[in-house]
Amino acid sequence: MSNTLGKLFTVTGFGESHGPCVGVIVDGCPAGLPLSAADIQKDVDLRRAGFSPASTPRHEKDKVEILSGVFNGRTTGAPICLLIENEDVDDADYEKIKDLLRPGHADFTAHVKYGGFNDARGGGMFSGRITAGFVMVGAIAKKILSTIGVETLAHTVSIGGIAAKSVSYEQVRQRAIKDSLFCADAAASAKMLAAIDAVKKQGDSLGGIIEGVALDVPVGLGEPLFDTLDGDLAKALLAIPAVKGVEFGAGFAAARKKGSENNDAFALKNGKIVTTTNNAGGILGGISNGMPLVVRVAIKPTSSIALEQSTVDIKKMKQTTIKVTGRHDACIVPRAVPVVSAMMAVVLCDFALRAGLISRVLK
Amino acid sequence: MSNTLGKLFTVTGFGESHGPCVGVIVDGCPAGLPLSAADIQKDVDLRRAGFSPASTPRHEKDKVEILSGVFNGRTTGAPICLLIENEDVDDADYEKIKDLLRPGHADFTAHVKYGGFNDARGGGMFSGRITAGFVMVGAIAKKILSTIGVETLAHTVSIGGIAAKSVSYEQVRQRAIKDSLFCADAAASAKMLAAIDAVKKQGDSLGGIIEGVALDVPVGLGEPLFDTLDGDLAKALLAIPAVKGVEFGAGFAAARKKGSENNDAFALKNGKIVTTTNNAGGILGGISNGMPLVVRVAIKPTSSIALEQSTVDIKKMKQTTIKVTGRHDACIVPRAVPVVSAMMAVVLCDFALRAGLISRVLK
Amino acid sequence: MSNTLGKLFTVTGFGESHGPCVGVIVDGCPAGLPLSAADIQKDVDLRRAGFSPASTPRHEKDKVEILSGVFNGRTTGAPICLLIENEDVDDADYEKIKDLLRPGHADFTAHVKYGGFNDARGGGMFSGRITAGFVMVGAIAKKILSTIGVETLAHTVSIGGIAAKSVSYEQVRQRAIKDSLFCADAAASAKMLAAIDAVKKQGDSLGGIIEGVALDVPVGLGEPLFDTLDGDLAKALLAIPAVKGVEFGAGFAAARKKGSENNDAFALKNGKIVTTTNNAGGILGGISNGMPLVVRVAIKPTSSIALEQSTVDIKKMKQTTIKVTGRHDACIVPRAVPVVSAMMAVVLCDFALRAGLISRVLK
Amino acid sequence: MSNTLGKLFTVTGFGESHGPCVGVIVDGCPAGLPLSAADIQKDVDLRRAGFSPASTPRHEKDKVEILSGVFNGRTTGAPICLLIENEDVDDADYEKIKDLLRPGHADFTAHVKYGGFNDARGGGMFSGRITAGFVMVGAIAKKILSTIGVETLAHTVSIGGIAAKSVSYEQVRQRAIKDSLFCADAAASAKMLAAIDAVKKQGDSLGGIIEGVALDVPVGLGEPLFDTLDGDLAKALLAIPAVKGVEFGAGFAAARKKGSENNDAFALKNGKIVTTTNNAGGILGGISNGMPLVVRVAIKPTSSIALEQSTVDIKKMKQTTIKVTGRHDACIVPRAVPVVSAMMAVVLCDFALRAGLISRVLK
């Protein structure tokens, strides 16, 4: 186990899907930041089941509690413990399949690593539910970043192979938040919804691609050789269950280009140095270059499907089949969107503190 | 700056392209491992310029020196300092363009971050030359991993859009090492070489994709929530200059699949639990599942190209153009191949130590 | 802020004296360890106010809750969140003196560091109450260490200059736990109690010295150069409020000895290498040598005293006087004793994991 | 092994007593700091053998080399590798006693921990020689601290029980540096020298106490709960071989005082909040309070003595005796003095960076 992320702004997660709660400790938050449970609740609600038609019917209130680190409506500089109690836990579905390894899940690897002592109900700490904690800390990170004018956004750019058309970041900001799939292209979103609906009826699932964008990032965030901005972002994003790939700017497409096509020319704009294109995705040499930071993550299709799959009964060590019933999202892409922007904010906040750009006391 | 990677098996890099040397400190290496400079030299030679027709004519001996941590031919348990002196340094090309920001390079971001005090000659610490240090520590990591039967391989799977056909890992092991582009498909390699030759003549460059594979990885490596095996691999691989994306198993392709297509069914094989496909790339829930660990990295085309590009003179703050002359690889993909397998070995070694699978004393 | 201690077995603390709770996240605990709230409660009760006549009348139940990481009575390998709610909080005393800097307390330094946003009630996160969390994680560490036969003890060796006579560790084990001051010398304990009683009547306070001992520590714990066993123990012990000094074995007395007096001669005993004396306190070169690990910490007299003291009103920036009323221990030494053995256990557990001596799964 | 200290300003040590060199990597040094080998050499020379009559006759030039991170006379922001080659190595004395465990040394613990593969010649990495690296990085830290007006001093306050009389820090600054024992009290120094001379003739050795002082430390350095200023200083100082105890301000004497005697009253002085005494040693709640930071370390008598001692031959597993011949300091206290101020500077530099008080670019 290693449940702490970050160097100056650190996140320690805890909790399991079917345990008493999920939560997070945020350490290194500057003192003086106005903060209420409501500030955080807003972001958590975006991730909550039921927001989108694609999501599971597990309806939880997901009520954010602040257990420490806030006094008189402001952060104190002490570690902030944030908690969401699990209210709507149903072990029945789990009991039926508890010895069957669900394909695509961590059941097998967790069983071996923890000698069968892991809490496997609902995936335990490997459940997507743990990301509610990521969103909580992300809400704080976003508030901190706003003090230096940095904003993080995320939106769905494809689901099941259906791609949204490219729009400006201003349009992303305005439209994605209103769309049930967090997609800024309404026409594509409608097609994605239809596709999700279709696979749902088949007992199947879909994946997709989420794009995260950070705007007005100052030049100079990132600490090469090893704590590069892209490296630490990739690590943080891969902590989101179901992410199988991360690319920056042109990403894998860059591998097919010539240098003359892929290099971003430098130019002057209002006395500032910019690049005329952004194939680098805002990062050069592991350091932010002031252009929009652009990252895309590949989300695999939901592993829990109702269709029959081959598997192994780990107790009997016998081959068998499994149908994963219970409440599952046919596509978790929309629910992961707020998590992507949250994790970006967390990493950027850490680097901004490391670069000395954020005061330890915010007034 | 943050130049240390790993938790129990750590790498601290140092050195610049045109300084006295590049080097690395390896900490946490178990005592008793037989180790000579020759063991490391072997891997370093694979990365060296001149091995491949695609590479720069800068011919260095790249002679590995061990400065500490080895006594009587075995590691002592003390930190191992490894050094390669820079012999063939030519500042002339650099002097001509020192105020011009080379597109695609870290010149601009480093200049801002370090207030212009960075050693920009040849890219300084952002030069690909720093990866000679990665290869040195990778050589040690590979020796350590061999004590538990783990092997890491890497090979070129595409250059400039030309894809190698898929072959078995056994074929990769045997063929890639003999190919000047580290490509296991000889026919594709020939086409790639021709493509590189063509862009070289145009003063342009190409990128590509490298696949890394780790075989016989024990089940259970990786430390979720945050120190996942994929997360830490991605971070380590993104420390290699020019990497713009990382994906595991089916990766971005998984985003277009259905759950029923992407899930790897579990099965029993010789009394062991395996998966019948490997879309997960050997990682479930951030933990190795015993299947081959498969990761692909996107390498952007070499940023240094002879073609004229628009840029800015940072001293005069004026727009201008640049032609990056000097000795440069038209395609750095083959030189990055040994670096990919080295970084995989480094990360796996750290996790194997964290999992308690490697003795602190090897006899 | 930096609220995480340890490398493989990590503790993250949170909570304030007058907030909703104090708590701790334990990460890296092996899976399969039998663990209940009652196991932890036992140790927490030893630290609780009211146990000793020297202690404050603040009577809290200090009821331990496990929020994560335990399932079916055993640890799961996931992070363990432990919580104690604050029940008996009284802000009245605090309100009267909230702008007056209490001598000996962190009021001033916290005020400056956190820009006045810190929760200063009862000292906030600088309160001794935070050590309830240390004791909780210590209880887990002790259970883990018991699987390899290591035991940590602590006892009061002096209070207000009254020294306990030296006794065997076996006597310490048996007697200290039954003494209200955790002193193994009953006669000295009686004198200490009388001395505490006397200063209490004067509105004054006393300090003292606690000795921690770890028995049956395997040879080889500690990771020089920097993560030495003594270095990490000292750091952990200095996190206990009121500790002003730490010494190992002969400690400061060694500075007055000759080498021939201070060196511990090596000898063979039952085929094992031992030392005939233990001036080294069980540590040579930062590594445990198998002899009893002996550390002493100096505890300053309780800073909160009823006597009038000169101070500054930080709001008015005026000199004034303060009498710190409210419920305070006239001597916190006995309450710190369980904290000392807890912190020793935490550090030893981390090093035993790092040395590969504790399995990741305990069966 | 764990050879890295610090969070933002990190030190990674390497090298052995009888290997090719000792060295250190400094990471996190701001860019733009004027730095030459001569700046560092000055401090290294203070630690060098032969400076003091108490020291060993091993005469090394200890010539500092900068291998990276400095360009055009200024730091670049890249990691700085500093090296001192070992020139005057004599294995003859070692060969005679290589299987005999030297009492007081790490021979036994290192042998067990590293399975006998450690380089035991001259103590290997456990040799005091490794502290030459500490002094090198300390020289850099001092230069950085001088940009915010912080100064670290150290002086000998007792040797063999002979105590120097207390003098002002201004007198310490002026006198200690000129004294062969770094003692600010000339009369005491003369007695100490005589005492050292006497034990030297007996083939014996002496220890002592060094006081470190940091002046003009800003209020607010230190990161509780765990990364307290005192905790991290203690850890860093215990990395110096032979240190067996660390105390701050009144230290162990505080344990014998009443609260009314030990508390430092607050007062206003020139509009600033100060304390009228300094029993806290400049640290309250783990955070600097702006008063002089005062720490004392106990140095045990040199373990290498010419007198016959009982020991064990680890190869034959037989009891025997040993006389440790070769060149050894009869008292290493004076040579450790520059190391104490160096380590204080290193820790303070790290905390000043963490507090955001030092710019990442120094102009």
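Per-chain numbering from 1; labels A, B, C and D assigned in written order.
Throughout what follows, a residue touches a chain if its C-beta (ideal position, glycine included) is under 8 Å from a C-beta of that chain, and two chains touch if they have at least 3 such contacts.
Here the structure is a predicted model, which is why all the values come from computation and not from measurement.
Of the two chain pairs considered here, C-D and B-C, the higher C-beta contact count falls to C-D.
Distance between Cα centroids is largest for the pairing of chain D with A. The centroid of the Cα atoms in chain B and the matching centroid in chain C are 46 Å apart. Chain C and chain D have Cα centroids lying 27 Å from one another. Residues of chain D found to touch two or more other chains are 1-4, 7, 13, 79, 110, 113, 125, 225, 354-355, 360.
Considering their complex, residues 1-5, 7, 11, 13, 101, 103-106, 108-110, 112-113, 125-126, 130, 158, 160-161, 199, 204-209, 219-220, 222-228, 230-232, 234-236, 238-239, 241, 244-252, 254-268, 271, 273, 275-276, 279-281, 284-289, 298-305, 307, 309-312, 314, 317-319, 354-355 of chain D touch chain C. On chain B, the positions that touch chain D within their shared complex are 1-4, 10, 12-16, 19-21, 23, 25, 27-29, 31-32, 67-69, 71, 74-81, 83, 110, 113-115, 117-119, 121, 124-125, 360-361, 363.
Residues 7-8, 79, 225, 353-356, 358-360 of chain C are the ones touching chain B in the complex.
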